[in-house]
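So, here's a batch of structures to check.
Look at the two complexes coming up: subunit A is in both, with subunit B in one and subunit C in the other.
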Partner chain A sequence: MPDEVATQEEKIKSAEELSQHQKAISISEFFEKNRHLLGYDNKTKALMIIVKEGVDNSLDACEEARILPDITVKIEELEKEKYKIIIKDNGPGIVKKQIPKIFGTLLYGSKFHRLRQSRGQQGLGISCGVLYSQLTTGEATEIASSTGKEEIHKYTLKIDVKKNEPVILNEKSEANPHKWRGTRISFVAEGIYREHKQSVLEYLKETAISNPFANFIFESPSGKLEFRRGVEKLPIIPKEIKPHLYGVEVGLFTRMLNETSARSISGFLTTEFSRIGATTATEILKKAQIDPKISPRRTTDENIVNIVKAVKEVKLSKPPTDCLSPLGEKAITKGLQKELSPDFVASVTRSPAVYRGWPFQIEVGIAFGGTIAEANFMRFANRVPLLYQQGSCALTRSAASVDWKRYGLDADKLPKGPIVLMVHICSVWVPFTSESKEAVASYPIIVKETKLAFQDAARKLSLYLSGIRRAERIAERKRIFERYAIETARALQELTGEDEKKIKGMIATVVEKRWGEVVDSPSGNGPTDGD
Partner chain B sequence: MPDEVATQEEKIKSAEELSQHQKAISISEFFEKNRHLLGYDNKTKALMIIVKEGVDNSLDACEEARILPDITVKIEELEKEKYKIIIKDNGPGIVKKQIPKIFGTLLYGSKFHRLRQSRGQQGLGISCGVLYSQLTTGEATEIASSTGKEEIHKYTLKIDVKKNEPVILNEKSEANPHKWRGTRISFVAEGIYREHKQSVLEYLKETAISNPFANFIFESPSGKLEFRRGVEKLPIIPKEIKPHLYGVEVGLFTRMLNETSARSISGFLTTEFSRIGATTATEILKKAQIDPKISPRRTTDENIVNIVKAVKEVKLSKPPTDCLSPLGEKAITKGLQKELSPDFVASVTRSPAVYRGWPFQIEVGIAFGGTIAEANFMRFANRVPLLYQQGSCALTRSAASVDWKRYGLDADKLPKGPIVLMVHICSVWVPFTSESKEAVASYPIIVKETKLAFQDAARKLSLYLSGIRRAERIAERKRIFERYAIETARALQELTGEDEKKIKGMIATVVEKRWGEVVDSPSGNGPTDGD
Partner chain C sequence: MAPLMVINMTVKRTENTKESIVDLGKDVLGQLKKVQNPNISLPVRALSNIKFDEKNKLIILGDKMSQRTYMNIAHTRKFMQTLMVAAECKKLLSETENTTTSIRDLYYILKRTIPGTTENTFEEQSESDPIIEDLEAALSTLRENLHLHADQKGSLVGPIVIEEPKFGSETDCMKLGASGFGIPSICEPDTVKLKSTTADFVLVVEKDAVWQRLNEDRFWKNHNCIVITGKGQPDRGTRRMINRLNAELKLPVYVLTDADVWGYYIYSVIKQGSINLSFVSDRLGTPEARFIGLTTQDVVKFDIPKNVTIKLNEGDKKRAAEMLNYRWFRPKEWHHEINHMLKVGHKLELEALSAKNIRFITEKYLPEKIKKKDFLP
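So, the complex of A and B:
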């Protein structure tokens, strides 16, 4: 038993001895050891994540460059549990000198420092694919890219884990006679290929729903598949925004003061923040008792604290929302109809809202009946499907908090039966619960918006369902009436001596007059079950 | 409605334009924006985390230096939602030149690169406390430390977020006439002080249970509290181990080959890995068809892949387990008795097991009845209480998978009523689900070990409970018998004419003979309900 304890007589270790082990940890080392934080916690999932990181980057680049995306994903089994994964796009390409940094450095990218809706945001994903590949198979990653004008640049590289730097094993530039433009990445990694619910296939299927403007070709070990684009136009490009004062704390404020080119504190407020006009700036500075003309570099720590406090007492305009690019109700309806062929679809896009100063928007869809075999719940964040950690996600918890039975649905937290729910959050900064970006953190306003959206869509479904049910009830009553009508007809015939055919015809006319119309148009006539 | 889409006529952005935004992200910037990953997602929790990071470091340092810990935590309200948090210990102190790095750099520390059980493992915690403080209040953190021999070194510092480096605002060394030894840290941070279930108070209470050799003084806004040590001896110091070959993949193996001072691949295997003897090394290399004398630097990529494959086919000894320092069954029982005064305690310490090549050990305790008012579930990892994310933790899921009703307990997943469960995982590397170290990842072997431990403890409780219940049944039958005995006595009196008192006495003797003994000793006699 380990209850024994050491005695105090042991030599006390000195701070000097202890300090010998102190050293810096590179971010690559950190994620090498903690790769489950990035989602690499099993071999099936690993393949999905590599594909996802590549495809998300391709879609972001195409959207920003205003190119309709054509993306090919190829997965080839090299040997047991070892795969080649190729992702190829027709995007803008990457300039030569950036290639090694983007693929060979963790925390490097263009999206972290900008407040704009995009799929990637951390600068971790694609380089972690390189890291995972070399870790599990020892193999380098191959990248080929061209901007279409110049040559094709080819790199074979790994990551120096201790330095968090690319190690270039091979590098060459080739002629580009056909003016090919795009990027092609080839990983060799450990994995298991499956086609279950949380697979590459499912990721691509759902991505096709949320990105109907993109073409996907998927060459998998079990054959070739194509998801063709449904619309020929790209979504409007979301605009970059400035930080909103409501979300800014003392620390960030101080940093921004040191970096601004504004000459006065008043100018700083109006130029560096979202929707702060001269009047609002004056009001804030008056409350904070600060001279509006003072230089940003001359503000004291006390000044800063006073400004941040004053901000809380002033009513500010909401941040602009053209930084967001929701799918829209029509696109959701179309996407669900195309993929699921349901009997009914309801979709709701809420107005944008704000958490911690960052704009976000929730939209949901409900598809019911038709070819839907079983209940499903699909989550998206900035058009990217979230396939893991459903239980820990704020979007799920919010959906589960809806009283679905009230809307005429069978439910155990989430609705059961032939029903598919989908929810999409878009934001300039989606608050994920971990680097693997699988679940959304529970900010109360996000939970609330999601619930309201689902309630709204559920009301629509409930109208449809009660229409159906009313029609069913009426049809049943008609059937019963008709059955009795035959008896009635016979009785009438005996009583009146009239022709049976004539009597049946008269009864049919009565039935038609009484029940006909309602039975033919079941939808939209029922009473409201919802609140 | 946002269904409108942009046209293809928009100017296609070039790769050059896009590349202008590409840049490196410092780890400090990353966590500044993602501080919820470290658990800083609400103000109440923030205070708890800062205290926890400080105290965990103090305990680690004291344990390693073989000093019985005396730790003082002070929380003082400066203004609404702004607190001064002081953590002071009698540890070994920190050498001067390390102070700024330890507190002013994220990912810096002594524990990441060593395979040994310790509370900290990432090199993130304490510097993130500094980061959170400056972010929310703009204030620097003050550190004073001395090794007892030399002067007291005092620093006031912040973190340069863009560079991930300390910014020293003030630095001085003072005389140390009383030979004070230890470290004192003073943060000023935004927070809310509460004394509910997930608070500083609860953290200290539970830490006192899992670290009975430490003294804690807590000066809170509501008064002074002391948790005195229950044992005067430190636990045995866990030993550092080498990586185990079962957990090593191609990537790490390659890195180790480049860093080794071994002259042959055979020597490399026996010196750099845990429990690989010459015979095993020869067997592995024979299977991999590699000359044992080849230099580590000369091994090819193919060699490496073959070795890693061969390892899977060879039976290796389990890693040593003296790197682990469990609490032990006696200490668990004592701790639960001391804090909860229950009627019954069962504790189980399992033998060590291995996941991904890393040793770990599970131990559990169940306390029942007595002064326990309501059900509680306490989780610990390397002696640190885990207060958040109970639902996402493998330890919880495992406990919930036990069929508690089988052991005579009322339960809805976890047992209900006057019962407290505790579980402790200790490991050289606890696999947490996020940097905030609040929940353990679901490795199947960890889930299995936890379940077995709880089942074992539940069996013990069930024996106790069935003893109690048997005693209760017997007491009830005795009561009934006695009640009837009075009637019987009267009847007998009438029949025999004997004195009522005498008859009653005779009946009492019968009762005593039949039921007396069992009623007096209720425990340990019941049948087994468990499996």
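So, the complex of A and C:
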């Protein structure tokens, strides 16, 4: 095209010239421009995300240290759309030298490289809160932490966006006469405080349901409230696991080959992967036509592709599931009961299953009646409430695929009326659709497990409901028999001379004693059904 | 006038009726004492429990019983209502022999709000009336013996003297004005005495307007007959009167109705009783009654103008088909008439005869029919 020709005729820039503008960008810089990817896309949501990152960290730390969590969240309005957010826990505290790194560096964390069920994964959350605060208000974040020993360490810091490093503005260690243990973080950030469905309040309420062993105090701009602890037992600590071969793709496999200390490819398979014994390793390598004794570092790309192909043809043992820590049916019931005061709760914890080699487990709860005013659907991943992107989440779609009407419930995709559904997916690696961790991806096995769990719980609920309806029918009949007893007794007194009250008593006795004989009578017109 | 023979009917007297009502109450009480689900047995008053007595040509009640039980939510209300009506009737019967109450009064006496509800013991008179009939059937008694009466509906005129001892009155039904003699709802021999008559027959007409015409034209005088109307479907008093005129005075009875399914059914009720009151057909039915008209076949016979006929509607056709199945419409003449009506597809009102001439019915139609004995059975 003529235009393009014209452009071609302009001075062509050399690669050298172009390279002057190319440089690595830091993750902090990236976040500055793309904060929506981590969920900071509006001012209301930002407050919720900051609280969530802080509370998630506190809960993870307490669980790991085997401490029953006491967490206080305080939100104070400083000026219009500017808030102070304080999150305080009774966790194990953070050792002094770690504090600046944890809060002042993005992607600094202990959880990314291990395969174990935990709330946070990438080490992005809390430092993003620090960054968001400084980007929106220019204010530094204050951290105080103590491991319960002699000193409390206090930091005031920001993040150097270019270097992805903490900038420490103030740092001091104070005496700790009362042996306080825990961490206290104070952000000053731009935001809007609301109490709608996707708010801090809803997040804390749902967190209190999925973490019934924790106690929360929330001092909000509209008052103070407490979500009390419902159980005194912490969940079991999930074990770390190795990756399972079913979930391994060429890229990861190549990286692992470079990092392993195994001396043979056979040894690599048996030590670096979950549930691979010598026999299985031999079988895989035979199918891939590779010498089991060659060094992992000498495998070719072709070898790797062949191994990944061979894996699909070999029957592997499922990954171990002790890396999972589900809530359990009792804790689900307790959590829903204490926060919602329903009349009935059904909970179901499915057996662990596997998607792409990752073990996961689905559990659901249905709370019905009582103080529940309107229908709600709560999603949790590793005990963290998912408040956004409900519509695009596999858990929602799965729940909507249940034929709720079959279980005696009014429903438009999801049930309506005084009913709250909750679903919890726990996994060493929850397949979120994005880094903001708001929706679960649609793996067929996850959708199927969720549906089965809801169907099972719905069966329990429908048994309860049919019991209620039966009881209502019985009560209605008794009311009818009582209603007509007065005039019947009066008429019988006129006819027989027997005392009216005595006859009423006799009718009541008959109704009570002959109750079992009462059957539904579809036709009851009596003898006068017309000419 | 010749003295008349009084037919002795087998009717339970007041005392017997009262006893059987009390027995009903005692029976229910007994069940309660034995901690049984209280239950009242009632004859089924529906087509399913109707027989046609070929010998006496009457619709009679079969022996199917239904149970009205307290502990069946569909029955409880009616169970209470049955006992309430029974109790009120017992009260009425305990008072002086001559006290009667209208069935409408009874409804109001028993209507009250059930404590703690917005529901009434009886919402409509249509709820209490069938209960009375249930009791009549269950106790093999009559409303009249329960000292209950309904509104007076029928009228009569003609050469008959009627005495009502309760009122000390004696009525010569030839000396009446436009409204004639109102037939009392309770028309039993002890309250309404048929003292004497010179009439040759009885003419029952469906419609009051036609009765007025016959009275005005002194048809009863010219043809020496008693003319009765039930103003539509005749009530029990009127049917009882027709029955007694035929049974006690041996007068032939002719019935004149519209030529339509409803007219024919009125005739059948007068003749052999109704499904609903089948338990008293022997007292209300007049098997010897004959149908004088109108028939759809009369249109040709009397050269009635086609334009006064009315097209049959779907309801007419459906009802006609039902009637063809009734045992008591089995005579071939009736099948012939009903099929004829369906074939020509029209019906005819009595007033249509006036299209010929206002006195056509009294001067031509009826005399000719009677003379030729042109009746349907």
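Keep in mind that, in the parts below, the second predicted complex is superposed on the first by the 446 of 531 C-alpha atoms of A that agree within 3 Å, B and C clash if a C-alpha of one lies under 4 Å from a C-alpha of the other, contacts with A are read in each partner's own complex, and residues count from 1 in each chain.
Just so it is clear, contacts are C-beta pairs under 8 Å (C-beta built on N, C-alpha and C of every residue); 3 or more make two chains touch, one makes a residue touch a chain.
Predicted model, so just to flag it, every value in this text is computed and none were measured.
Using the contact criterion defined above for the overlaid structures, shared-chain residue A:78 touches neither subunit B nor subunit C, since it reaches no partner. By the touch criterion stated above, A:506 is placed in contact with subunit C alone, subunit B being left untouched. Once chain A of one complex is fitted onto chain A of the other, the partner contacts of A:278 are absent, as it touches neither subunit B nor subunit C.
Greater residue coverage of subunit A by touch, when subunit B is weighed against subunit C, goes to B. Shared-chain residue A:13: touches subunit B; no touch with subunit C.
In the superposition on chain A, A:169 contacts neither subunit B nor subunit C. With both structures placed on the common chain, the touch criterion links A:441 to subunit B but leaves subunit C unconnected. Touch criterion met: A:64 reaches subunit B, while subunit C stays clear of it.
Once the two complexes are laid over each other on the shared chain, residue contacts for A:325 go to subunit B alone; subunit C is not touched. Against subunit A, the residues of subunit B that register as touching in their complex are 1-8, 10-16, 18-19, 21-27, 29-30, 32-34, 36-37, 41, 61, 64-68, 92-95, 98, 101-102, 105, 107-114, 122-123, 131, 134-139, 147, 161-162, 190, 213, 231-237, 249-255, 301, 304-305, 324-331, 349, 391-392, 429, 431, 433-435, 441. If you check the complex, the residues on subunit A that touch subunit C are 477, 480-481, 483-484, 486-488, 490-492, 494-496, 498, 503, 506-507, 509-511, 513-514, 517-518, 521, 523-531. Partner subunit A is touched in their complex by these residues of subunit C: 21-22, 24-26, 28-29, 32-33, 35-38, 42-46, 66, 68, 70-80, 83-84, 86-88, 90-91, 114-117, 119, 121, 130-131, 133-134, 137, 274-276.
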